[in-house]
Amino acid sequence: MIKVGIIGATGYAGGELVRILMNHKDVEIKWYGSRSYIDKKYFQVYRNMFEIVEDVCKDDNINELADQVDVIFTATPQGFLAGILTEEILNKVKIVDLSADYRIKDVAVYEKWYGIEHKSPQFIEEAVYGLCEINRGKINEKTRLVANPGCYTTCSILTAYPLVKEGLIDASTLIVDAKSGTSGAGRGAKVPNLYCEVNENIKAYGVASHRHTPEIEEQLGYAGGKEVVLNFTPHLVPMNRGILVTEYATLVKKADGSLPTYEEIKAAYDKYYANEKFVRVLEKGECPETKWVEGSNYVDVNFVIDERTGRIIMMGALDNLVKGAAGQAVQNMNILFGLDEAAGLDLIPCFP
Amino acid sequence: MIKVGIIGATGYAGGELVRILMNHKDVEIKWYGSRSYIDKKYFQVYRNMFEIVEDVCKDDNINELADQVDVIFTATPQGFLAGILTEEILNKVKIVDLSADYRIKDVAVYEKWYGIEHKSPQFIEEAVYGLCEINRGKINEKTRLVANPGCYTTCSILTAYPLVKEGLIDASTLIVDAKSGTSGAGRGAKVPNLYCEVNENIKAYGVASHRHTPEIEEQLGYAGGKEVVLNFTPHLVPMNRGILVTEYATLVKKADGSLPTYEEIKAAYDKYYANEKFVRVLEKGECPETKWVEGSNYVDVNFVIDERTGRIIMMGALDNLVKGAAGQAVQNMNILFGLDEAAGLDLIPCFP
Amino acid sequence: MIKVGIIGATGYAGGELVRILMNHKDVEIKWYGSRSYIDKKYFQVYRNMFEIVEDVCKDDNINELADQVDVIFTATPQGFLAGILTEEILNKVKIVDLSADYRIKDVAVYEKWYGIEHKSPQFIEEAVYGLCEINRGKINEKTRLVANPGCYTTCSILTAYPLVKEGLIDASTLIVDAKSGTSGAGRGAKVPNLYCEVNENIKAYGVASHRHTPEIEEQLGYAGGKEVVLNFTPHLVPMNRGILVTEYATLVKKADGSLPTYEEIKAAYDKYYANEKFVRVLEKGECPETKWVEGSNYVDVNFVIDERTGRIIMMGALDNLVKGAAGQAVQNMNILFGLDEAAGLDLIPCFP
Amino acid sequence: MIKVGIIGATGYAGGELVRILMNHKDVEIKWYGSRSYIDKKYFQVYRNMFEIVEDVCKDDNINELADQVDVIFTATPQGFLAGILTEEILNKVKIVDLSADYRIKDVAVYEKWYGIEHKSPQFIEEAVYGLCEINRGKINEKTRLVANPGCYTTCSILTAYPLVKEGLIDASTLIVDAKSGTSGAGRGAKVPNLYCEVNENIKAYGVASHRHTPEIEEQLGYAGGKEVVLNFTPHLVPMNRGILVTEYATLVKKADGSLPTYEEIKAAYDKYYANEKFVRVLEKGECPETKWVEGSNYVDVNFVIDERTGRIIMMGALDNLVKGAAGQAVQNMNILFGLDEAAGLDLIPCFP
């Protein structure tokens, strides 16, 4: 039985971790950390957990926690983990960090986009970027620190990855137009997240400045073997869960000047995803819908070639709280402990 | 391994049966019946099932189906099962009927409220009304036919049952004001169910004439030991899932003329539900919310005593597709086959 | 040109006042009062007003304001106006108060339900309860203070008023089950009003304790000529605007023991509403929908008689920000100044 | 008094025409044409119009209608008007066509994208493309036929027009990612438009093949003085009204190799829109939100320059039923009859 602690258990991602781990047979949650609700019953914060979770919320004393559990999930604000992490902690416990603290290898880039100083850059090198389908080979029972990818990022990268990797698109032309449900904004009480402000409304935000941009660029840069600079534009959509990305790029013409065919592009996706349980390459002509993956760990991807413009339109959909946060974190935990990667993640998408 | 057939697998309740049964370890779905989509891949009707269900939809030949499976779920329009059911079929297979065909014992009442002739009244007597928490004692491995309760009905009955049973309220004063998500209206393409007609809107419908009324009256009549006539008013709410009932009744005064206390009412609820996994009597002061049970088989109930009017306000919430349809059907199946009643129903409510 | 000041111009009701008054030909808004946004451009608080309103927000100095305008609308928290109102102010300016401070004649009742001391009870007697369809005879150019009714209250009272007034129902049996959109909760940043908490959810709140209860009771008491005690249960619905009430009462039997007929009840509604522009008694069989009145000053009402239980089910729908707040306030202003009562209120309901 | 006939009065765009024209002082609606609801009271189709519109629906006999009115709005399916329009009709009455029949000058392009034969290409040349802000100079009292632009199109063109016209962007790099509320899909009863299918969901559709593409290309081609080929991707968003477009293009560098500045781009927008009542160029840093224009005839536009990629991100928002359909049609009618262009269009955006 793997003993688990969660710091930030009362945010939306923390709540989703609890939902998933409650049905994971090899796991026992020992610590529900929540600075805001210390000593309150967890089910009093999330009433859906009434008669399911009896524990009370504890503080975020990571040193004490590290003695009691095998793995800690940190679903905490940017900078929190970086500010408290020590070699001593990492010697005692594995950490899957759902924040961005260790996702970006270049600390200057992190500090520029996040606007905060990184307090423990010495662990960045060691941290594995936990995009399981791409990096699982780098994660094993010796790994101490996993940087769990962001929601926008997971969706954006997986949607374009095979084509960047195979050199089928010109990555310098890549544009990512992303649409997210509102749970991505967290449970903080702010006017722009009130029901009446979000409902019956759609808007872009963080245009040309959203923090997930360098994370996407870095990972696609590794895939393509050279630096990628791209446009990423997030939008807020009136729904609870789900991210949809629509990505545009110019196709690299073949030697004879023609565009790659549908079959050639499809083959590239299949090369990387045919054996991936959690990435579904849809049938020709089907556009991903966030509803088809809701509540599950799936990412659905597909594409359309536009012969007129020479561009390809790639699309991807996932549940931002599952594959975009808690589900992927559990997937990483499974790999860390040598379990079946899908353990506890047999979540059938819920429709309607 | 229990072999299962579903007739009406492509309606919303049928889809939910598939979602639940896919994670039920003792079950194998052998037949996805759908008159509208014969020979079509099931996942082409419900794209969430892509790479999860590979089967094609079959017709609704119940005689053939009865030879192949152990239990049939019928999620079909009113009158369908009554029109085709035979002794021969019941000798071969168990049936859990999600329609109303065998719920009402008085065939005249059925025919009046549903406006159709009952084609096989000879099976009504035998059918067990599958409200598990109340009738599980009547269901066993010899039971051939279970009439699975309706969504409004399950919620309405369970919310008032202990108080009617214990004589704490005057059942002749009972008023049920019910609010339902839109999946209860089914997947038929009708203008009133279009997004733009339902969204940003609420309305009552079927006022004083809704078909679930006699079902509630009959069951509460059994509980109280005398006929119950009540008001039931359903409302359509702009959300996918969930039913909330708000019920009003005059409390029966005690011998000294005083009203029952909070503790006395609470004791009545606990008497019937304290050991029920799927009925949660909330903490004092908490009002049930449909979101707290979404995707799960729970019913949440609670109450407030109004000293000023001498009435009690009872509230109940469930997911109309789970405890109000497919989940309860699986619960009945578990009882029929002697399995753990909660097998396959360890569904944690999904929030947000 | 009537000069108008608004205190609380940046709440949802204040914003709706601005929307309506901008198209009122006889009105000029001179003062956008907002304690939270002093010196900020009004359109920076409500971006829909960009290039429409150029003014900046001012403080809530009612004494200074009273010198500059003919009428003040106060869309302020409970107790605010009562705490600052003076004879001197009322001698200079008319006030339409959208808060509850002067709605309830019995100050003890006010203080009990609102839990605050009333700081200026000397003005309660003078204040006219501005439910225009019922009290317009009491409002004229000499009136100084109008207590504008609440949203739940307007809907609840108008739906039952003719039947209570005519003695057709037993008011002691009256139960009001009300459903409201989320704008009624205001623009305060609180977790329960976040998009993800309200969306896909419905719940009751304030059960047997909501502050609008005594206001409904008092007004229906006047109508029926004797005290009324009733149940009022509000519910929060995932939509921006709209209130629907479903009301239940036992019909008073006629001398021969029979129930009143549809025609007799309809005649009672028509007696009071046939000439009312803003109250629409729907055609037989039609149930009010909040969508049909959205954005307008209409109240739609209708009823169904249930012969089985001897009860009548009354239904009413309005837009909580218009007839339930700003629209009715403008209607009162029109009466106060001798204008056409409907001036500026020719708002066609917006569908979809 | 301008006499108006509407063919297709019971679709969503037709309903919006009625809502707007009811408050237009110079207009009288003489004919509510609706093939599906002939002889039915209009308010029985749209209950919001109860006690507002008393007329019954009539057929779509355009010849008879042309004798009775001054202008006909056709809110009809593609090909309908083209199939019945004659010289005789145009000699009697002006027509504002909300369908696409006369929007595209090249009939071959029309027939390719719409997949139907054009039955009256002889009128295409004469028809004026009624994008008022750009083409009002071509519309006057002699104009007989106005092709009212589509909803996606109006938003897409106006958002990019000044920059294409001024040569500030490379039009060959233009990508339009558009998001629409569901009323754009019409009132037809189809499964994909059901509440439960649209709610809590977002998807792209018509990728690289949507019919509005050539209309955008043609108009921006005129603006830029050369053919434009672009990507247009529409998405369905769970809200009733509103279109948001996010457009991407590479900025044309200045002679010194630098990018245009914010001020230069802003000046280009102001050159065309500073005096336009219905186009609002937002303050720096503000992203358009569909909610800020809901119910009104405004288009809100703004932009962000991304120095990193050399691209500009342009954004535009409008209400698809107003500026995207009925509002613009009324604006065109006003121009046709020499009225104030904004007559009847003083619609304040409704928030929340």
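To keep things simple, chains are lettered A, B, C and D as they appear, and every chain counts its residues starting from 1.
In this text, a contact is a pair of C-beta atoms (placed from the backbone, for glycine too) under 8 Å apart; a residue touches a chain by one contact, two chains touch by 3 or more.
Keep in mind that this is a model prediction, so the values were computed, not measured.
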| field | subunit D reached from subunit B - shortest hop count over touching chains | value | 1
| request: Could you tell me which pair, A-D or C-D, is linked by more C-beta pairs in contact? | output: A-D
| Taking each chain's centre as its mean C-alpha position, how far apart are subunit A and subunit C in Å? | 46
| Inter-centroid spacing, subunit D versus subunit C (mean Cα positions, whole Å) | 37
| query | Between subunit A and subunit D, what is the separation of their C-alpha centroids in Å? | reply | 38
| message | Counting only residues that touch at least two other chains, what does the list for subunit A look like? | response | 12, 183, 196-197, 199-200, 238-241, 289, 291, 294, 352
| field | Touch list for subunit A against partner subunit C, complex | value | 12, 182-183, 187, 189-191, 193-200, 238-240
| subunit A contact footprint on subunit B (complex, rising order) | 12, 15, 19, 22-23, 46-52, 183, 200, 240-241, 280, 282-283, 286, 289, 291-296, 300, 346, 348-352
| What does subunit B use to touch subunit C in their complex? | 175, 177, 179, 181, 196-197, 199-205, 207-208, 229-231, 233, 235, 237-242, 244, 246, 248, 287-291, 294, 304-306, 308-309, 311, 313, 315, 317, 352
